[in-house]
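First chain A sits with chain B, and in the next complex the same chain sits with chain C.
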Partner chain A sequence: MTGRSITVADVPALLAGAEFFSTNAAGEGIEFAGFWLEDILARTGPVELVTADELDPDTPCAAVGAMGSTVAMAELPPSGEEPLVLARSLAGRFGAPLGAIMPLNAASVNALQPVAAAAVLGLPLIDCDGMGRVFPLIHQTTYELAGLSLSPLAAVSAGNDSLLLDTGSARAEQIARSITQAAGGWLLCGMYPTRVGRLREAAIHGSVSRTLKVGRLLREHASDGATAQALVGDPPWGGASPWPAHAGPGDGEWSRRGTAPHERLLRDLTAATGATVLGGGRVVELGPSPRQAGIVYPGNPMSMVVHDHDSGRLIRLEAHNELVLALADGALTAAVPDLLCLLDRGTLRMTGPERLTVGDQVDVLCVPAAPVWHSVHGLGLGGPGAFGFPLRHPRQEGR
Partner chain B sequence: MKRAGRPSEQLTVDELVRYGPLGRAETLVGENLARPVSRVALISDLDQVRHCGPGTAVVLSRGLAQGAWAVESALRLAWERSAACLVSPAVAGLDQATAQLARRMRLPVFVVTGDTAACALDLAAAIASPDAARARLAARCAELFAERSNARGIVGVINSEVPGVTAALVAPDGRVLAGQASVDRAEHRVQVDVPGPDGRRWAELVAATTGPSSPSWSETVLLILRLARGPLAASVARERLEAVHGAERGRAALRALFASAGADPGPAAQKGPAGRDRGDDGLAVPEEALGWRVGGRHVAVFLRSSTPLDTAAAGPGVISAWQEAVDDLPLVPWDTGWASWWTGDRIEVEQVASALRRHLARMRSPIPLSAGVGRAAEGAEGLRESLSQAMLAAGVTVRDGHGTVRSFDELGFRVLLASLSQPELAGSARTVLADLLSAPDGPVLVTTLAALLDCANSTSQAAARLGVHRNTVLGRVERIKARGVDPDRPDQRLALHLACYALLPELG
Partner chain C sequence: MAGARIGVRLGAGQARAALVGGGRIRHAVCRSGDGRGLSRMLRDLAQGTPVRSVTWDVSAELDPASSGSPVASVRVTPRPPARGLGTGHPSPLLPALVRLQAAVMGGHDLFGVELATLDIYEVFRVAAAAQAEGIGALALTATGAVGCPHHELTAAEVVREAFPQLRVSLSHQVGGLGLLDREAATVINAALLSRAEQVVARCVRISGRLGASTSAWFVAGDGGRISAERLRLLPVLGLSATGAAALTGAARLAGVDDAVVGLAGPDGLSVGHVRDGLPNVATDRPGPGGVRMAVPQASLTPIRGSHADTASAFALLAEHDQHTAVIAVAGGGPDGDAPDEAATGRARSAAARLPSTSVLVEPPAELAAIGAAGTEPSAWLDTVLYAETSEVLARKRAAAEQRALTLVAESGARLGSERVVSSRALSLSFLRSGSYRLLVRAGGRAEDDA
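Right after this comes the complex of A and B.
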């Protein structure tokens, strides 16, 4: 970012940050979107990043985000013209053209889509989002909590089908999800049409800057990681954990030389995001979780166990697309809506159960969600119960 | 059992596993099973675990156990509440990590394939009435005792069925007849006497309990031991009966075998009617039925004891000790001892003698035994001869104490001397050699005289055999002659030699 704009040069950091806040699995395979966004920004020029306060409160705005499968999107990428269709649809309903774009969530591929939309439409991008992370459903947002209406929902499919849905939030989610299946695997959506003034209460502010900041940190340390790997003679970004079992960073040689690369990165990440490190060590168990959640979430539940190197505790992580909760020795220590992230010590990149195997070394981080998520309504919409876990969020324990 | 008035002690997790409803569950973690279970809680919401008291058996309902995370959450809460154990329905993904966690918390975890609610009900019933559960255990043991036919099996029932108890059957001399030898060192023991077939104390049934046990549990263990006593006495009686019966069959078969081969080698008492002999029960026992090999090359051995012998009384003990040490060779009561034989194309006397020495050393015979070994010979006739030789040899070794084994050839013609009627000959010898014996060193002189006669009056050879200087021997010969005994008179030599041999055993 140069000043208050997002340029081509910012895309790699945006991508890395998007991966971090995707709380693992959803961040997989979004590299294509980086090249795609770089192309668009090279053509349109930088996107102006503004705070909600900097705009006229009456400015019409809408959230932009994609739903569906990133794999499908990688195979059939957006043409770049979709935001024009969305803007036209929503302007028709609004009676006035959009004056700004805000992200649905500044994480995963949806950290990049609003930038592209703002670039294509020539509109400013508001530095906020509605999740502060990734949630599986498009109505699990702070916009929803603040009472903004998800619909009318404008959507454009991979096949350039266009539709405008005018219904309740939960139904819009259901209908749009089935259309997604039929229309090619993904939909780019414009939703929560509102005025900028309402965002003061409804949005998580500074999300885009935060994603960029964390992304830059990861990029800096990634070069450290590459150096570290060169030292032990492994190619950078190797598929499996490149550290030999007894010579990895964090022990032996590395400890003697000073702080291991992953420890330095963890220190910087915790400082930047307010995260806590739940523990780190070897993955000892990994497999599907037989949870019979009566919820129509896409994806398969998975479960993994990390043996914490220092305390000997067993940290069990339950994942359903995103990492949902962490139990340390059976005690619930972290859960949605807080973000759980896994750092691969070998590659110094964020990772997830689907990219790990038993024996890999990881660190488990918990980034606190925006305060509004810890409200009773926030936990109802995005807490463990919303994911089918009959558990109280650790913050509810004292209540 | 006196139960009235005493509050029932709580069952432990282990007891619930051994004879309670948890016996049907799979044990994921079986640590710390000695904890008493005070109550059962069927949990359908994790928060309910927070209200469980110490010693609760926490049973998770099927609806709650949605994955390893739920079981681990419950495990953690149960551990915090000091629960006795956790029972979970079978959940996919319940794996090593969960087991590892439970082991670290030392909390037993059981997995039930069926309905956990039914398991909770069964547990509640068992916990409500520990005495009923223990009575069921005693009944089960009694049922199993009846199915076992030997002491090892009966003691094994106690060891396998009764939780936290190790049992052994111990002979009066401290020898463990069956079960686990470790009970002897245990601190907390319960024991009952087991009568033999004669009604007298034959052995002791000892049970060791781990840790100090409650009075009612001790009573339960004692009850089970008492229940085992009858079947144990019956089993030992049966074993003895079988041993005696087997021995008699063996004797009949051997007599029949020798009768068909020629004359009987034993004394007159053993002689049967002409032709194929018949057993005491009037039935000829074909040796093949006993698994004997009659053809081929045999080396017979004969075992006997120096103690005045009641073969019938000591027989079963000797035979069972033999079978324990040598399971593939017969031992047949024969004359004043027991006969056996090795068969093989290349069998040698020395080989048999050394094997027999090893067996005798290992045998836990109730009486001291020594043995003689015959020559190797072919067929039934050969076996008969070999046995006669072994019996003669055993007549010599019997004076040398337990475990001595000598062969017929090794002893030479001296075996003949052993078969002379000992008390009569010794009496006559004492009279004949009274003068010599009355000398201050009488026994020494008799020994020297025997050695001199053995060595054809060579004083140097006799000195070497006795381990003394020749002059000593010469001095003794002078004193012998001074007492009117002349070893050089040819007409007296044989009688003198016999008299010496008759006295030697009692001179030591």
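Right after this comes the complex of A and C.
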């Protein structure tokens, strides 16, 4: 971010932060979106990042985000023209063109899509979002909690199939989800059309900046890690350096400094996000979860167990698209809507069940969700019960 | 020493070779790198011993930046980008190789459903333009081709029929999921076709001079070995093979199938893992020019620093790994006859920090050449499937594993030696329940295994 704009140079940090807030596998394989966004910003120029307060409260705006699979999007990348279709559809309903874009959620690939949309449309991007993380359903938002209507929902596929849905929030989710599957695995959506003035109460403010800030932290530490993506050095037999486009060079001399690189990164991440470290150690179990999935959710439930080196406790993580619960020796210690994140000690990158294998070493972090998510309504929409777990969130204990 | 194997690493106008057989290893160096010199080197190395196979690491000879030819790149998608948004590549290597870039309507989704009809007229027009510009190779990348290659095959047929002199690379034969990475791999593959033809022909010719029963093979970047025919068609598979061969060599010399391996060089260590005799691979590692290619490559972690730094870093990694720690001197000295002193010092320093169960390997020949001699057939599959129940998943997974085993058999594995090394069914987020990505790795013992 240069001043108040997002430039090509910010994309690697945005990508790293997007992986962090994806809370697991939703961040798997989104590097393609970094290259894609860099190319778009190189052609369109920077995107202006503004706070809601900086805009006229009457400015028409809408949330932009993709629904569906990042793997499908990596295989079928957006053409870059999709936001034009969304803007046309929504402007028709507003009776006026959109004046700004806000992210559905500033995490995973949806941290990048609104930036691309703002770039292609030449509009400012509002520094906020409606989740502060990734939720599986597009109506699990603070916009919804504040009473904004999800519809009319404009959606467009990579094949340029487009639709405008006028219905209730949950119904819009169900219909759009089934279309997503038929449309190639993902849809870009424009939703929650509103006026900027409504965002004061409805949005989580500063989300884009936070994603960038955490991404920068991860990038700085990545140059300190003992990994191919974090260390530069020619292999013993000579030849080209295996340097990835999205990583910077490092000195690789961490062993002198006394603290393991993952410990330094954890310290900085907890300071930056208010996270707590639930534990860390070897992944000792990983596979499909025996529990039944609620039919409303896409994907399949998974579970994994981490053996915490220090305490000897077993930390069981239940995942369903995202990491949903953490239980230490059977006791619930963290749950949605708080974010559960896994740090790969080897690569110093955020990771998830799809990337991991038994034997890998990870740290488990819990980042507190935005306060609105801990309200009764917030927990009803995004707490353990919404994912089919008949459990009270740890913060509800004693209420 | 009945029935030996030879491994050769070509690079920088030199060749370093190792003969492995009968529990002994001999080494040789050819400083000229010309055909006659190489033949003499192999003959001298064999010393009359029957040689069953010569396996070549030619990755240094397949540098796309210096020896790649211009390519026409055709992307098949349901909606070609009107303004070219998001079509650029951050590595300068790709724009340098692509002289003509085009998009054509077509493609399938992950599960093989057609998203748009293939525009064969546009395919024809682009191929004609490529030929008119004097381009010799065309890279075809269709969305969804990993699940359904129909549009790539149809487009290739159109091109080959109308422009038989244009060579075609098809993305589904080259890499796995992820259009941009696979497209990059397909472009690099197409750019290397001519060069690979020359290199392969030369190696096969030289190997053949050892006798009619000596077969020629090539080390792949995943640590397996592939035939001459396969490398001619898919030269991208032969890239970054040296590290994979060195890992294989280290494990073989240490006498273990599973290990965490530190390859010591003069400036640092490269750390990798070997499982069931094959190097651990990843598809998101940067290849030539930093380009990610959706092609499996041995996963290596370079660690720089002083001997003490790298020794303590490796000791920490080894402490947390359940498998045997192996530290090996990688890379020969400048004269090729003796191991590099700095690398040897680094390896010994690292070994001194390890427990007694670890193994220090000081190879009597170049490690990558020894590893090349020991490579075995392997196969890798990356696909998506849909299974409503765990029974259906098990059945489809078994079918995919069988396909991988068949590929291993086709790569010269001894009948019955084929095995599944790893098989993972990963639940795909945000797609309908029952959607999985399947990653299968298989290996086998070669027919010429002594």
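In this text, the second predicted complex is superposed on the first by the 364 of 399 C-alpha atoms of A that agree within 3 Å, B and C clash if a C-alpha of one lies under 4 Å from a C-alpha of the other, contacts with A are read in each partner's own complex, and residues count from 1 in each chain.
Heads up, the rule we're going with is that a contact is a pair of C-beta atoms (placed from the backbone, for glycine too) under 8 Å apart; a residue touches a chain by one contact, two chains touch by 3 or more.
These numbers come from a predicted model, not from an experiment.
In the superposed model, C is the one of chain B and chain C that contacts more residues of chain A. Of the two partner chains, chain B is the only one that A:303 touches; chain C does not reach it. Using the contact criterion defined above for the overlaid structures, shared-chain residue A:282 touches chain C, although it does not reach chain B. By the touch criterion defined above, A:175 lies against neither chain B nor chain C after alignment on the C-alpha atoms of chain A.
Of the two partner chains placed by the overlay, only chain C lies in contact with A:40; chain B stays clear of it. In the superposition on chain A, A:314 contacts chain B only, with no contact to chain C. In the superposed model, A:329 makes contact with chain B only, not with chain C. Chain A residues in contact with chain B (one complex) as well as with chain C (other complex) are 288, 293, 301. Listed in rising order, the residues of chain B touching chain A in the complex are 45-47, 64, 66-69, 72-77, 79, 91-93, 95-97, 100-101, 104-105.
Residue ranges of chain A in contact with chain C, taken from their complex: 25-26, 28-29, 31-32, 35-40, 42-43, 67-72, 74-81, 116, 120, 136, 158-160, 181-182, 184-185, 226-228, 231-240, 242-245, 251-256, 260, 282, 288, 293, 295, 297-302, 321-322, 346, 353-354, 357, 359, 361. Within the complex formed with chain A, the chain C residues making contact are 9, 11-12, 60, 77-91, 107, 109-110, 113, 115-116, 143-144, 146, 177-181, 242-243, 246, 263-268, 270-271, 284-286, 288-290, 292, 299-306, 309, 312-313, 316-317, 320-322, 330-331, 343, 368, 384, 390, 424, 426-437. Residues of chain A touching chain B in their complex: 284-285, 287-293, 301, 303, 305, 312, 314, 316, 318, 325, 327, 329-332, 388-392.
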